[in-house]
Structures are given as C-alpha cells and as structure tokens.
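Paired with chain B in one complex and with chain C in the other, chain A is shared by the two complexes that follow.
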Partner chain A sequence: MAKPIPKVGSRKNRRSSARKSARRIPKGVIHVQASFHNTIVTVTDVRGRVISCFSAGTCGFKGRRRGTPFAAQTAAGNAIRAVVDQGMQRAEVLIKGPGLGRDAALRAIRRSGILLNFVRDITPMPHNGCRPPKKRRV
Partner chain B sequence: MLPADIFQRLPIATVCLKPCSFPTPKPVAQFHLCTRPTRGATIRCMAKPRRVKMVAQQIRRELSDMLLTDKVLQYAVLPEAALGADRYLSSLTTISDVEVSADLQVVKVYVSVFGDERGKEVALAGLKSKAKYVRSQLGKRMKLRLTPEVRFIEDESLERGSRVIAILDRIKSKEKIAEVEDEEEFESSDSPQDDREWEDNDPDEDIIYVK
Partner chain C sequence: MAMATLALSSLSNLISSFLPSQSPPNPLSKFQPKSLSLPKTASEYVPPMLASSDRTLPSTSLSSSLMKADEITPIVCPSLAYSNTLFYKSGYYNVEVVVGENEPEEKLMNRFRVAVFKSGVIQECRRRKFFESSQDKKKRKSRDAARRNRNRRPHPKASTQAKEEKPKRNDNSDDDNWELPEDLPY
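On to the complex of A and B.
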C-alpha cells in the first residue's frame, strides 16, 4: 500500500484555537442562487471554501415571502454583514437562476459598500444533455 | 261487413306518419348577436381569474427561460454578448412581473435592469425591438388559442425600494452620531421633497466597478 497523503486540515495538525476568526480575507466571491421561490446567498473565498451562507428562509421569511426581492435583499445584507468584519473589501458576484433575487441581491451588495470586481451569470446550461421535464399545460 | 267490435279486438299497429308535418315547432335556441354587425364579428370572452394567474405564471417562466438561454434575446439585451463577453456582464436584466389582461390578449412584462443609464436604455430598446420575435417564440412554446401581444415596460420599483432603504440606512448611521439632529431629519425625511435632495448624492454613483 502507498503511503497515505497527509491532509492539510487533518485532525492531528489542527490547532486548538478556532481558526475561523483568525482568517482575514480581503477578496471573496459571492454566489447568489435565485430561484422563483427562494434566494440563497453564499460568501466564499476565492478558492471556493464557504465562509458564510444565508438564504431568505434563514432570515425569517416563510413560504411565499421567501421569493420576494425584499427577502433577497435582507439575505444579501445579512451575509455581507457577517463577512465585512473579516475584512472583505472586494468581491466577485456569481448569479445563478431566474428569479427576482438576481436584481435585488445585486443592489443590496452594491449598497453595502463592497467593491464589485465582476458580475457573472453562471446559470447551468446543458449542451443538449438530459431530457427536461415535460411541458406544462395551462 | 265487418263486425262492430273488430276495432276493439284489433291492436293498433301502425300510425300513419307524414314526413314533414310536425304539429308543434321545435324549440330553437336564440342567439343574440351584436346589434351592429359592422363593428366586427369578434366575440369577447373573459377567462376565469385563476386561469389568468396560471397563464401569467407560465409566461413568466417561459420569458425568464428565454432571457437566460435564447441567444437572439441575449444579444438584443446585451450587445457585448455577441463579441464573446457574455460571462462578464455590464448590465443584468430581470423580469420582475407579468400582467395578463382578463381576456388573455395583452401581456405587460415589467423588466428591471441593473446597470448604468446607457445599459438600461440599450436593454429596453433591444427588448422592444424583439417584441414580435418574443411573441412568436411564446406561441411555439405555449399552447394557447391566441398568442397575446407582448409589451415591455420598465420597472423602477426595485430601484426605488433600494434607494429608500439606502436613505434609511444613512439615517440610522447618523442617529448613532448625533441624536438631536436625528429627530429633525427623521421627521423631515417623511416628506417627498427630500427625495430630490437625496438624489444628488446617490449612493450608487460612488461605487465604481474595479477591473
């Protein structure tokens, strides 16, 4: 058997103090997934490791109100507030999905004072792969 | 000579029927057509409100899908996409609301654009120029008797809401600094006159895109 590859964050090497508060991240990525009935805002670092995650449901909205743009605004505001004290100044925004959260969360992010590098749309687009569900009859 | 009681004994077998003679006229349903036929023989029918809502939701889904996937619409809204810069956006278009008239003939689509003034004009002009194309695509995707006419209208409600919240945030931050001045500002901020004042220092102008 080959020698086991030492993991970076393995239990044996972990320091006893909490590592999360010691990290200062000047640059990050904000993922916004906006569906018709909910919005999820996740803040990660450049590599993709999640720092904080807020959705319209976790901000106290229930049911139909989660899909509203106001809920998306509060979710984005909460997510950024949790990260600003870690020192984030610049961010890139990745937007996925249709829905009102796209616009509203973007406006909230811009209002909060974080500089935006880029705004990208990463809605998953198949190159004609899986068969989509059947057409709805109205 | 037949006996007199033969008619009592013989059963009544046949009834002689003449083909065209009906004693009573058949009841015919009366249709009241338009009294002025020169107006055009269109009969208007109103759909039930639940169905109108379902059609509106379905149109919203289809249009959002078209905005995300259809190349023609994307080029109309964001001309840079044709050059290959489609992943790094300068403006973002969202469909915020769809209103359908009660007879399912007219659809008003409220579009909200995020970006600077030029981006907004370009996006809205592009969408309006593709209205007929959108109508034909909608007819292909949805099974409706008559495909409705599509009108694009700019929606400023999200922007206004964002501005109001920015003003409120600024007021809250000032409250922490000085309390006496805050009470006066709080009272005066209710009047709409102050909106014009705040518009001069629009918070959106200060933040620049860094590349």
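On to the complex of A and C.
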C-alpha cells in the first residue's frame, strides 16, 4: 500500500529507473517490527518510501530461530549495511510490537555507527477494538 | 472552524503544561495533530480526570512545541484523558526517547527500557494478546490493586501477636461431659 505521491512533470521527463539506485539519502527512518516469532527491519526515507527491507527469515534463519534476539541483530545489521552505501547518516528508529527483537535490533543499529535522532515506540494500541482470539488452554 | 483551531492550540498548551520538559527542545516548531478528534461541542470545563492522566503519559518525551503554558484555557477534550499516546508530525507514538550526542549505548538502552516499562506497552500487549473474560479482568484488576496498595502501605506486624494469644485462650472443654453416665438403670 504505497502512499500516493504526486507526479511531477510528464512521462517524458521521468527519469529512468537506473538512476534511482544512485540517489543519496542522508536522513531516513528505520522501522523495526518485532513480533514474537520474527523481526522485520525496514529502512525508508523520511516520507516512508522503502529503501531496503530485511527480516530474520531473509537472513537465513528458519522456524523458531527467527524470533531470537540474535536473528534481530543480524537483520538490523544487514539492513543498515545495505543502506550506508547510499549515504545515510542520521536515522530515526520506530519500534513496533512486543518481542525479543526490540532491544537487540536497537543495539545493533546503535553499534553500526548511524546517528540516531529519536527512538520511538509505535506499538498499535486498540482503544478496545476487535476481540482477540480465545485464551489458550495448554 | 475557528473555534476548532483555537481548541487545538489550547489543547497543545494544555498538553505541554502537563509534560515535563526534560529533553532539549524539539526541532519541530509546530505540530499538526491530524488524527486528533475533538468533539464538535467543546465544553468549557476541566475534567478532574485530566489531572490524574499525566500518570499515563510517558515521562521522557516532548511531542508538542514549547509554547507558553500560562494561557491555559479550559477547553479540553475529555477523551484525551484515556489516551496515553503522543502526537508527532506524521502519526502518534507511545514512547519517545531523544538520543543525545555521543550517548553511551548502554545508557540509551536503559533509558529506552525504563521508558517502555513505565508506559506499560509490553504489559498491555500481553494482556491484549488473548481475550480476557470479565472474570479474568476482575481478577487482574484486584491483583494490580493489591500490588499497588502493598507497595504504598507496608503491612503492620500484627501476625506475631495473634500467634501468642492462641494458646492462652480459655479452654472450657474440660467442663463438658462427653462420656456416658456409668450408673444407668438399663
């Protein structure tokens, strides 16, 4: 679901897609979605357009190991490495969801050398909305 | 419409007056809470709940601009008392931690962890993961209340006195006649 970004100029003036990979983004936003079974790290620009996306699954972990903090750490490291060549210096971190990957991903982002502006938690909270699934009887 | 903007600005004043300004001033000079929903008829009273609502607001953050807090108009949105989210330019968030220059990693992690714990995000997530019946809800609330009262009021040491009194209690059972009488006609 991409946000509708207004087109500038006609189709003839549109740059070819080969130029897109060379754009430099000095400032970006790192979204970390840490669920109980996986961690997804997405790096976008300030407007929200995705630059790179890595998850614990794409980093080679499978099954139960995807939810571990180490997997979150590697996912965050990979995501930032892919973006540092594009010249990103400052970033903002948005963390969503409960999960073990929250702290680990934040630590990896901090260690990678990117300057951070804010660290925010944007876990979505219903104001008593949908009914969650029934209790487990284990 | 003018009244809505006035209410918005006064609301931001009210929010900034409640938030303790610990972090350096926000680079955003203005904020437009797009998703803020004010009732059409803003009543002119300050609900007493709002005074206690700053307990639910997170402690380390500054979302709105540092406007003058001396002009606090009593136009207030009552539903905001229950929301523990703050606004920034493109959405809302629960917790914000502003990272300083050359802050050590451990200090940042600790600050973030403490802020998240204080705002109760993880607990809330765990509670909402599965459905909670009214019975469970009552149990949880009573447990939380007990924990809160226990932390505020330490229980006085009355247990030792109660144990001493028990053996001293007068035992009238010796006077009872439970045995059969020996001299019976039959």
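Convention: the second predicted complex is superposed on the first by the 121 of 138 C-alpha atoms of A that agree within 3 Å, B and C clash if a C-alpha of one lies under 4 Å from a C-alpha of the other, contacts with A are read in each partner's own complex, and residues count from 1 in each chain.
Operating definition for what follows: contacts are C-beta pairs under 8 Å (C-beta built on N, C-alpha and C of every residue); 3 or more make two chains touch, one makes a residue touch a chain.
Keep in mind it's a predicted model, so treat the numbers as computed, not measured.
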Looking at A:Arg107, would you say it contacts chain B, chain C, both, or neither? Reply first, second, both or neither.
both
Quick one: is A:Pro98 in contact with chain B, with chain C, with both, or with neither? Answer first, second, both or neither.
both
Give one of first, second, both or neither to describe whether A:Asn117 is in contact with chain B, with chain C, with both, or with none.
both
First, second, both or neither for A:Ala56, with chain B first and chain C second
neither
Quick one: is A:Met125 in contact with chain B, with chain C, with both, or with neither? Answer first, second, both or neither.
both
Which partner chains sit in contact with A:Ile40 here, chain B, chain C, both or neither? Use first/second/both/neither.
neither
Touch check for A:Gln73: first (chain B), second (chain C), both, or neither?
first
Partner chain in contact with A:Lys134 - chain B first, chain C second, else both or neither
second
Check: chain A residues flagged as touching chain B and also chain C 98, 103, 106-107, 110-111, 116-123, 125, 135-136
In the complex with chain B, residue positions of chain A that touch it
36, 69-70, 73, 90, 95, 98-100, 102-104, 106-108, 110-111, 113, 115-123, 125, 135-138
Given the complex with chain C, which residues does chain A contribute to the contact?
48, 94, 97-98, 103, 106-107, 110-111, 116-123, 125-127, 131-136
Report the residues of chain B in contact with chain A in the complex, numbered from low to high.
51, 54-55, 58, 61, 64-65, 67-69, 86-89, 92, 94-96, 112, 114, 141-144, 158-159, 161-162, 165-166, 169, 203-204, 207-211
Per the touch rule above, chain C residues touching chain A in the complex are 82-85, 88, 90-99, 105, 108-109, 112-113, 115-116, 119, 121-122, 124-126, 128-132, 136
